[in-house]
Amino acid sequence: MRVQVELCVVPIGVGTSLGQQIATCQDILEAAGLETRPHAYGTNVEGDWDTVFAAIRECHERLHADGVPRLFTSIKAGTRIDREQTLDDKVRSVAERRRR
Amino acid sequence: MRVQVELCVVPIGVGTSLGQQIATCQDILEAAGLETRPHAYGTNVEGDWDTVFAAIRECHERLHADGVPRLFTSIKAGTRIDREQTLDDKVRSVAERRRR
Amino acid sequence: MRVQVELCVVPIGVGTSLGQQIATCQDILEAAGLETRPHAYGTNVEGDWDTVFAAIRECHERLHADGVPRLFTSIKAGTRIDREQTLDDKVRSVAERRRR
Amino acid sequence: MRVQVELCVVPIGVGTSLGQQIATCQDILEAAGLETRPHAYGTNVEGDWDTVFAAIRECHERLHADGVPRLFTSIKAGTRIDREQTLDDKVRSVAERRRR
């Protein structure tokens, strides 16, 4: 099953600068062969359900191994059976309606 | 790895009454042997990472099989290595601080 | 406009124990006269849109004044014009379908 | 108080194609003079707290007036007092760490 995810990992207990941990997660997602679109509040990810969620688990495992004591992750997960639509299709769909 | 999840499944394309689909998800989570605490905006779930996310995937699969064309699910996922804390511990921790 | 909110405030940069800050937010929400239902991953809140969001802003202001350097808050906000439904109605609606 | 928001508005009860409603929200946010960065799962918004949340309320009011019976909106709201950081700074901060 294909899934589109919006992923936001928030490390807790390591101060207020979280860029390094987010970069680590980005590496993990890409190493898993997933389509990613980073944005200012997280990363959009597209792929097979099990691959996506195994990569998210790996983010938690790696960051804890790196010493992050607590993690708070927000995920939006979308699936649909009515038609196919990529991450980029979604952005285009809104942009096209605004141009009219 | 143990995880605490706040799960909110929103079926799209089946009208505005979503209680039946939410009840189906609740059945799936409990059949998976997971600790659940339903609330007005979703369900808190606690258990092994893989068991929890397999159950969430099953919610998507079952609802699509039941005819729901599109699903939008919000998940908060918390893990920690500093100490153990159950869902009920979290509620108690806040309540106790307010009593002081 | 009436709104039902699921609110989860995550203080960043104050260590891993966040119960005290959550308790402070709970006090603010209740002092604003809002209906609240705390759960293990946040608090459900119901009330007038402006009152609810003014209280959430006050949570941010108070916690920053108390020394929290960074806040990450997740909000689900639901409004509907098809019918009235309280927070407790939502829980009951799911529970009743499961009893059948 | 400055806030950075990740906003995702999900109309319920209008079928499975939601692009038109998302485009309407985008118009409202820009008309309010807010910085916006649309992505595949919503829009990042930056601005004064009250301006941002008034615009989000206007999205709900406008879509209900357009006939959407129910709305489910996810918001991440971030504030910080330790330093200034724009939406674009956040993306750059992660990208720079990955280049090392």
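The chains carry the letters A, B, C and D, assigned in the order they are written, with residues numbered from 1 in each.
Everything that follows uses one rule, which is that contacts are C-beta pairs under 8 Å (C-beta built on N, C-alpha and C of every residue); 3 or more make two chains touch, one makes a residue touch a chain.
These numbers were taken from a predicted model, which means no experiment stands behind them.
Farthest from subunit A by Cα centre, which chain is it? Let me know.
If we average the C-alpha coordinates per chain, C ends up farthest from subunit A.
Indicate whether more than half of the residue numbers at the subunit B-subunit C interface occur in both copies; give same if so and different if not.
Answer same: the two copies use largely identical residue numbers here.
Between subunit C and subunit D, what is the gap in Å from one C-alpha centre to the other?
Distance between chain centres: 19 Å.
Could you state the distance in Å from the CA-based centre of subunit A to that of subunit D?
The computed centroid separation for subunit A versus subunit D comes out at 17 Å.
Could you list the positions in subunit B whose residues touch two or more of the other chains?
Within subunit B, the residues that touch at least two other chains are 12-13, 16, 69-70, 72, 74, 76, 78, 80, 82.
Tell me the shape of the graph of touching chains, choosing from line, ring, star, complete and other.
Shape = complete; every chain linked to every other.
Residues of subunit A touching subunit D in their complex?
Spelled out, the residues of subunit A in touch with subunit D are 4, 6, 8, 16, 19-20, 22-23, 26-27, 37-42, 44, 74, 76, 78, 80, 82, 87-88, 90-91, 93-98.
Could you pull out which subunit B residues touch subunit A in their complex?
1, 3, 12-13, 49-50, 53, 56-57, 60-61, 64, 69-82
Tell me, which parts of subunit B touch subunit D in their complex?
Subunit B reaches subunit D through residues 10, 12-13, 15-16, 18, 69-70, 72, 74.
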